[in-house]
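Everything below concerns the one structure shown next.
Here the chain labels run A, B, C and D in written order, and each chain numbers its own residues starting at 1.
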Amino acid sequence: MVARATSLGVELCGLPLQTPLLPAAGTLAAEVLCGMEDVYGAIVPKTVTLEPRAGNPPPRIAETAAGMVNSIGLQNPGIDRFLADLDEYDVGLPIFASLAGETVVQFVRLCERLFADGRATAVELNLSCPNVEHGGLTFCSGPAVVGEVVAACRAALPGKPLLVKLTNEGVVGNALAAEDAGADGLTLINTVPALTVDAAGRQVLVRGGLSGPAIKPIALRAVYEVARMVGVPVIGCGGVTSGTDVAEFMLAGAAAVQVGSGGFVREPREILEEFVTCLRNAGLAAAELTGGLR
Amino acid sequence: MVARATSLGVELCGLPLQTPLLPAAGTLAAEVLCGMEDVYGAIVPKTVTLEPRAGNPPPRIAETAAGMVNSIGLQNPGIDRFLADLDEYDVGLPIFASLAGETVVQFVRLCERLFADGRATAVELNLSCPNVEHGGLTFCSGPAVVGEVVAACRAALPGKPLLVKLTNEGVVGNALAAEDAGADGLTLINTVPALTVDAAGRQVLVRGGLSGPAIKPIALRAVYEVARMVGVPVIGCGGVTSGTDVAEFMLAGAAAVQVGSGGFVREPREILEEFVTCLRNAGLAAAELTGGLR
Amino acid sequence: MKLHRVRVLHRERFGDHALIRYRWTGPPPEPGQFVLARSAATSHALDPFLARPFFAHDHENGTTSLLFEVRGRGTLLLSEVAEELLVSSPRGRGFEVQGGPVALVGGGVWAAPLKLLSRRLEHTGVPHDTYIEVPRNAPNDYAVWLAQGYPGARFVHTGDTAGAPWRLFDEIGDLARYSTVYASGPEETLATTKKVSEGRVAAQLALRETMACANGSCYGCAVPVLGYDGAYYARACIDGPVFPAEALAW
Amino acid sequence: MKLHRVRVLHRERFGDHALIRYRWTGPPPEPGQFVLARSAATSHALDPFLARPFFAHDHENGTTSLLFEVRGRGTLLLSEVAEELLVSSPRGRGFEVQGGPVALVGGGVWAAPLKLLSRRLEHTGVPHDTYIEVPRNAPNDYAVWLAQGYPGARFVHTGDTAGAPWRLFDEIGDLARYSTVYASGPEETLATTKKVSEGRVAAQLALRETMACANGSCYGCAVPVLGYDGAYYARACIDGPVFPAEALAW
């Protein structure tokens, strides 16, 4: 119901979205989409790679103060199976497919497959994955690498909105490089590299990425700094658990907002309803919040 | 009392410390040192600059999920007054003076003053401050800048232990550069750039640095990655609020551990006592924990 | 994840073990299913971040109960400050109940889901024996306290050292007289159950893999299992938390 | 910061205002001093991270009380889940009490420290009048509830719009008949007090600057004041929270 209120709609890269809320990649399975049709503006499936990936051995998650560290290792069935099952994600909303490769060529191959298939409305490049051609540094390790992979994918996706998802480290330089290379939008931020230690067991518990409320101030800063510098829309992501959080990200400059681990502890519909209350109190439409700091 | 137990002692850059616990720079005023003589291994006063600094206008702090963002702006009375009052920090423990400059020359000038004065046992360079010669990027913006300032300070402090405190961003490269340039130890990490937004007031609340438990997994990761790469000791810092946290940092590779904002919410003595309990349970001496992952 | 606000009806502590009963009028839990729980009083706080998973210990007349060990912050808050809880609906795949006779094998507080299972077996007339391992160093009256929940169970005092589960199975004797062994206990008990049951008797193990989303979204609760084309990681929250022993690639 | 575990003796709510009394046998608070408080029940949780500062509202016979507005997570937890509190010793520089007659000027719940101040004035025989501003849109019996704490106080119903404090001072009339005005209220009330007192009467203002360490370490609670050589930032936690109006560089 809420989602029908016109004041919730936003435009992203020329696409009208019924709400500014999106799931963050890797945090919402197709199995739980039912009943979410009016909550989200678009659906972002789990990142897919060219080949199937088994993922990392457990333990894969550890709770931390107001957050969690995960090391899933991009477990996914590969692009063939992904496309075969893509309709499971179809709840009448645009689908933004999240892609990751180990080489630029793999990224391009994935884009070509997505483009040929045609069902995904937009593509989100997950650049926080290791680049095997650069000694395992991620595709976010610097503007040159970002520019290269984004330009290559841009060419493979004529006319299709291309979002680029970045890590916090070096975010301003990487964002500018992505925009220069043709990105239509930027998703900020992926998880922050982190570690948990089991002191009693004297072992590393999980070496992975930090998400959740703990990183919200870091993500807000990234959105704020980047939105001032680029001309393309920014999608905020990191630690959203409430409607106020959504408003904070939009005020900081985001055109839309992703909910990741916050969806594990709150019902996304409740987050949206709180956001509606924020809008009512402010007497503003969702789209008016973006960059609406006084 | 606790502090006398020999099993708590560690060695840092050739200095014997009675405990591995230090206050983080800027988080413990001289006024509250009384009674802390047996808790800490050394005292780290607030960062001092060449000239007095008024600091930033309020609001300077905002609470966040399991943490806080601060933007104090290095309010301090300048090196003259600092040295005049330095004895206020003298509780019979070594003093590690934290220094910050806006140029390499200012850093060197500060080192010379400290060296001439002689009372500080060691120096900690706070490189997370803006470098006016590099368009306001911090002195942590890359290995070249780090190398330059560290080498210059090294030369100005013959024979005095030189610690270099780094930000998380680019920490491995910067750490290697600092070591190459002659650092005797590395303090990891300073606050993480962050932002808080007041959604109701539609304004930025504080644009500053995130500290507290929220960043502990990020700091642990930095310590872990750097300690594996360098030969000099690492001092862990970020989100410590308990004795278990101290143990986690040492297991991840830290030779000593700083308590910053955790001291605002817990009594440092209690943290040390919990750490003693950890050691007892493990049947280990403090120094044996460093890098003691199984 | 949708969490429902429910009223706590009863709260009990024994040492570091806690029993909580709450009003639950939603879909009743199947044996071996779990719920997520957090203290409603502290739900404004963002730490602890995740809700905690617990097996449904029992369910009767609109009352569900949880039996758990107080380990860290989450369980401490649940055991102390919670007039009201936030709980999920029962989730996951529980025990599959077929014919009997069957054996229920539990370890201490982690026998939790066996209570609801034995109620179901009682109800459907499946003959079953219940064995519960109690560490030798447990307080004297621990078994007595635990026994309230498991009428007719046999409490086996094992050593607190490694190898304890083997002693348990020595006591149980020939497994071939059972059609299925249902196990819920410490990791070692589960592993031993898998070993001793292999080729002799079907076994179903209730796993307690760390979870985040609990709805299949995060792939955090990975359990290595054998599929048609080799081993892969199943998700304990939706493919389990109960797995057939032979499916586990341990 | 050392926090002490204390028992809550009494708890009261009126709308979004709360009154808490706790047992305190440490050094008694001076009027205008503050304490840090957090709920002991949730002290294992790391969020909310910081303890919350509150003026000592009252103190008598080993019982300290706090009067506060329930605003966010911290005050909500304090008002709901706290059989026990963790509190600091009274801290900071409070009101300086000299001769009289004096005026106490408060705004709603934020008049909190004036209660202890009036007790002190009563005790030392300093004549004083108390004026407390109540927003016109407050519930009918709000002033009645508040009045329990301030016998003899005059409750002035102001508008809820900007300019309210001016109306308050209209009611108070000529300030020159007082030697000091002590003010504790919303920011606007403090600012207005500074303005109207300038050159007429000494004024002392109780500030509620956001705090982290509360012991002078973090420089987070900066208040711009006029020093010998120009304006600088004082620390509200140790140089205040009460400041002479003329010292403030607002």
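The rule we apply is simple: a contact is a pair of C-beta atoms (placed from the backbone, for glycine too) under 8 Å apart; a residue touches a chain by one contact, two chains touch by 3 or more.
Given the structure is predicted, the values throughout are model-derived calculations rather than measurements.
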Remotest chain, subunit A as reference, centres from CA atoms: D
Centre-of-Cα separation between subunit D and subunit B, whole angstrom: 35
CA centroid of subunit C to CA centroid of subunit D, Å: 52
Chain centre separation (subunit B, subunit C; CA means) in Å: 45
Junction residues of subunit D - those touching two or more other chains: 46-48
Set of subunit B residues in contact with two or more other chains: 64-67, 212-213
Pairwise touch network: line, ring, star, complete, or other: complete
Complex contact set, residues of subunit C against subunit A: 1-3, 46-51, 209-224, 232-233, 238
Subunit D partner contacts - residues on subunit B that touch it in the complex: 26-29, 31-32, 46, 54-68, 70, 72, 75, 212-213, 241, 261, 263-267
Subunit C partner contacts - residues on subunit D that touch it in the complex: 41-42, 44-48, 73, 76-77, 80-81
Residue ranges of subunit D touching subunit A (in the complex, touch as defined): 46-47
In the complex, subunit B residues that touch subunit A: 64-67, 69, 169-170, 192-197, 199-204, 207, 210, 212-218, 220-221, 224, 239, 244, 247-248, 251-252, 278, 281-282, 292-294
